[in-house]
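A, B, C, D, E and F are the chain letters, set down in written order, and residue numbers restart from 1 in every chain.
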């Protein structure tokens, strides 16, 4: 398989059917260490939709990715077996709970095969059903980079929206709030409950203002303190990035991270015990230059490097 | 009220808060003959979404509309009391059936007040709950201009999608298929059932090829024959227009109507007994030039002229 | 000069500083037969502005033009001396009348040198001050292709807007209404006066509906009947074209001409006694694909062919 | 009224006719503390136009705003009565001075009713006629965030352009230069006079280079020193933001503020005695992603919080 | 394989890795009747490039295609074994002749396996090396729908550009000029040689003017007369379509076909003996709405139907 | 000539045929000190093309430039004779080496006339043939601001691509690696050779991470140490800028410079002995807002100031 990986890497970037980062498209899960998955679902969005088209555009732009990381010199393809396993299949896209079950079923397969999933959404509601598969045995900690806490109780009178997944995950015992940290939070709210739920449960919130004051080094130190060595999930909402830099998203909040800061944040997570990760809320219809998808793709690559490094730390 | 109508008409088009066609924004329904309504709902779409933003962009572009029609010299504002009554309010946007109930409730109010609604969608699923209000007492005939029959039985395992409303309307006794005509149909299908249901029920389908062969005059004649004098609904799906001309829609099918043909079609309907009308499936995120919304707005104006003329035919 | 013309014609289209149709940029007017002029002015627009940027984008796209017409085989550069003389210079852009004087002064020079100007606007208000130079000696007839009559008395309480130039031109004795024909007129109005002024003066209006009924051949015949052999001006407003085809304009009205119809219209004018021509109302900020400017540039080329042919009819 | 405010806040963001920040649309000025006003005027621009469409697009994007500030926890709607009073009406848009009179008349009404206006432009020329109403009784100080000083003597041979308002305001005794500070200034000039007028009068200019050296804290301290406790106006030109982040503006100058810096600047102004504020120069035709309008809307929200807090400082 | 085809057809259109028309991605050529091929090459373009990205965007938009044709009721997937075989691999993209060899090698494989290729370009230079494989044994006739004859002798001093393939093909004995017809030709030229070469060789050119005069029926009749029963190639240049409808192309010429006319042209070719076909010159960077790629994808579907019907004419 | 320069500077920015920064278009090289040159060539790009259109769009946006620098108060037009000399002429655009010869010939003329060229690309392959003219007599040092080292050995099996120029320049003895510094390097690679070649030769690479750690002051100090007093070339690849800020480029790598940092970098180079400079890789088709071209134009202006200052340091 390794050889197949290398071929598309050496072709012009616009050639071939786009898989995530030019990884091979696989149907046989067995040999995989890390699965790249698309979750084209945005049925739980209350503002601007379009994240259903996220996996496609991220795959397209991800052909810009190459193998060896310029800072860490990690080549994830040498460390692990990595493949694009395609998209989750949906049977009833108009029913949130049925769609969540479709997602959980898909990830159960991966989880049972011992494969670490790295996913591209879709809206942020997808992380809850992913966790139902991954954290079925024991709750996970979480590094959550986002403009929003996504800890509301309800949105539009629904328990399941892209603004509620982590409240549900705590309630369902999937997410350990004491091992959870949220970074980049900002933007006004109509009720303070979204900000208050987490801290009451033990979640550490680093608002964007505190992020900018602390600086990357201290933030990365604190992340490691909070999540510790236990199994941890990494979820990256593209709206953590400043929307002038990444306009292709449904609920933009100005004053966010730069893509360099996001890269440094992720690089700082090297060594953590990640059991899965996702990049969500890329909405191509609002992304005229395609740069939001490029950031999303590069975040996947940055995450892939730390996942591969942890699974098989051949690189010093 | 007439005077208020005239003022925004004389201001520069970019001025003021946009209502449909610069009509007054009204909260008191009583004095109205025709209500302009927005239905910002696209939760029943299985391809590209975004029609939830349709009413806003149509309102914005509709400031380009003026009062007197250049062909018929109808000035609808002199014939009828016309107001923008705002948007339907939704309580559970993630639940199709609950949202349909919200729509029906809104139109029940209008219907009971004897007001003819002219609506802007939203996806085509909204026409079913509108009919549940308007056709509660007796089934309506329909002039349906569209690329698709919207007579599928199910889409994505749901009875209620934007591809099924007219099958449901026939089944629910809201729509009289023998007084129904569909114009502009085209595009491949995965099953022939969407094309077959209607004709079996008595619906007349004029595919785009037949439309082009017959010509506007004969088509308009046949429309009148089919729908007759009874209460009739007019529904205009923007994807009837060729998508190169109107790209801002979710399910584009090439080879469609020109906007001139659509105007002529509607002008030819003058005198019919319309009890309501809508323009649906304008999806602003796919409309970089805004021309789809302009066509949608102009179709609303063309329809407004024939509605006002029928209600109060002061113009010869 | 002929040789200089040919060089840029053989370079790749994206090369070089863009002049109109890759004609030489000239400062010495003497040897010219036809001057290509830019009039970057949109200070008289009451809807969407941006036509001030028209000459630049038309020049850019006009590099797509080549020398020999595929139907008539006219090569204007072999028949006449043609140059791009740059843009009119404005001294007080915030003052409509002062700006009109700047325009008239510029065209006086051309007129006195016996040069036929072919201009790119700018909004339609520019045609009045051009006529003040060109028709100073005797009134001209006019072929006017547009969605609007531009014969209003006032817009926004101003006598001089882009909706009034031809009323002023008739009043000032520059335009002979009996030798004037307007083609493509459409779109609602807030007052019928814009439609009524012309016919009262003897102007022939062919609304778009009549245009479509008559067909190109009869329209072209009637144009020739109306304008006759006298000195005539040709003014082409890009909003005559359907705005789905040419969205880059300030006052779009759906249901317009195709670009093929516009080409045929102009080709049909061969042999008329044109003393000047313009293409106006191309507004680049609303033209995401650039096709409006391409249509504008091609219309200039089509007009150039008939101007050159008339001035020096070497081609049979 | 408070209750009405809350309703649109709980609807999906794409619903309803867009008012500024979903505030109620009001016609009765009496109960208001703060009026949100649109000034759709760009007739004094010498580069790229389009700011006439600013109020509309800002209103549209401002539906993304919510009630409670995430840092200060100010909820302006609980502190003050806030309403959208619509747009200034213009009678002669082609005449700068007449238009300025229309603006002054509108703000005179607000001023006499004791209402603090928070406005959305329009080009920067609108601030002068606003000041003529607000500062009629006594000169105001000013916090001016912009890429340009707007203190030229003339542009295009006009005393009144968007590059001259503050020179005129000083000359007319409306603006106290010693209580005026300009932040973010940058970009080359054809004459040094625009940079020299202010300092000669006592205006403090913080160029972008000095801003970056000093840092936000020191800049905010100096602002307070300069403007003191007297009545002060806050004017925010969107071109202060880096144009890669906010491209939708007419005179972009690279190397500007981030939106986070702008937010922090405004938050630092809490407690100052503002008698009015505006956000100007948002030009939608140059804003393909809509993010410029989102920044403009968020700046209005940030300013609204400090205005409401000052008027009724119930929040500690 | 048939079953696999049906699955992606029933999923939402935005799901899954995009293959041409949701056909299965195949690596084993054996069972195929028709191969869908991408040729991402635009190295022979002298105006605007970008067609290298054509196969990707066509694949993406082609998910809008479904199985059964609405006019002919042909379901190509029931008639033939159809698969997406991916893209041609290029080894030296900066060398036109080497790249042509890469193309020929790829199609040799298909040709030797008796598979009919339906390709997406890429610029029009790709058809020559395709013909070198397909027409190796005997010259083919050709139906060529395009704005340009592509029969120049040289462009930019090169024998191999996208403006020369059919001159070369005639010279190399691959193309039988007497069985060749070109439809839709238009646009000025710098030398008449591109128009003159073909007719001298026996090629029939139907310029767009003649096309519009004759009408579809007569054109289709003449096509059949010209190409007869022999092996024939069908090449569809997207610039045959009017560029306002299909702006995403490198050398736009206004005044072209509508997409409906193009569909009817292709439907009229049913029964001809096609040995291969392509759709070329879709350039995504110039296609802001994506409609050019949708037209390209639909043309591929229309062609697929007539290819499948010919190979296995089970449908009456 | 000085007077001519001043006129376009005082006209509205959208007026006139666009030359670089409104400098006069010159054909007589003799009186020039600095030549502004366009090199519209992108034939050596292996990812996304379009830089061939760079000179045109940079010229267009560069009308936003003015004369006097706001920090240094340098007015380059008072210090030097500056003119736009147009574009390099290409004879065989499909042949990389022939095109490079065309470039070298053009710059030989400038070099022999003692003129310092400031160029706009075009892809980065153009710098090699420029150096063949400029560094013919003695090797130059280089300040190279870029995301990529452009020191690969081959791309797509070609020695001459936009990823290889500086390896070739070192090999050809044109570039002194010990006097070369590369700043802003980032992004993964498929082979480490691109990063390793330079340092082995003595090139100093400052990756973006080190750049951010060191800060501008130290970086500028080190640049001066590395390049010293000898003749030096400055090459600015627009992809050094973060692609969310400057999306209009072919090989975007997130996490780059801000435009302010780029300005400061260039200002810090004042006093160095530059013999030429370029700004490359601006690709307009990927630049929907035009801000990439604006950054490119402003970089040219910043560089022009330091070039003019060095040549004629009249300003203290």
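The working rule: contacts are C-beta pairs under 8 Å (C-beta built on N, C-alpha and C of every residue); 3 or more make two chains touch, one makes a residue touch a chain.
The model shown is predicted, which means the values in this text are computed figures rather than measured ones.
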Report summary line: Contacting chain B as well as chain E are chains A, C
Requested in this report: State which chains count as neighbours of chain B and simultaneously of chain C.
Outcome: D, E
Query raised in the report: Taking mean CA positions as centres, which chain lies farthest from chain E?
Result: D
Report summary line: Note: among E-F, C-F or B-C, over half of the B-E contact pairs reappear in B-C
Query - Of all other chains, the one whose Cα centre sits farthest from chain C - result: A
Report summary line: Averaging C-alpha coordinates per chain, one finds the centres of chain A and chain F separated by a number of Å equal to 38
Report task. Go ahead and note the Å separation of the Cα centroids belonging to chain B and chain F. Result -> 55
Report task. Go ahead and note the Å separation of the Cα centroids belonging to chain C and chain D. Result -> 40
Query - Set of chain B residues in contact with two or more other chains - result: 12, 14, 46, 48, 52-53, 90, 93, 156, 244-245, 286, 288-289
Report summary line: Touching pairs of chains in this structure are A-B, A-D, A-E, A-F, B-C, B-D, B-E, C-D, C-E, C-F, D-F, E-F
**Report entry** Residues of chain C defined as touching chain E within the complex
**Finding:** 9-10, 12-14, 64-71, 73, 244-246, 258-260, 263, 288-291, 294-295, 298, 301
Report summary line: In the complex, chain E touches chain F at residues 42-44, 46, 48-50, 52-53, 90-96, 156-158, 160-161, 285-286, 288
Query - Residues on chain B engaged by chain D in the complex (per definition of touch) - result: 11-12, 14-19, 25, 38, 40, 52-53, 56, 59-60, 84, 86-87, 89-90, 93, 288
Report summary line: Counting only contacts in the complex, chain E reaches chain C at residues 46-48, 156, 185-192, 195, 207-209, 212, 242-245, 247-248, 251-256, 286-289
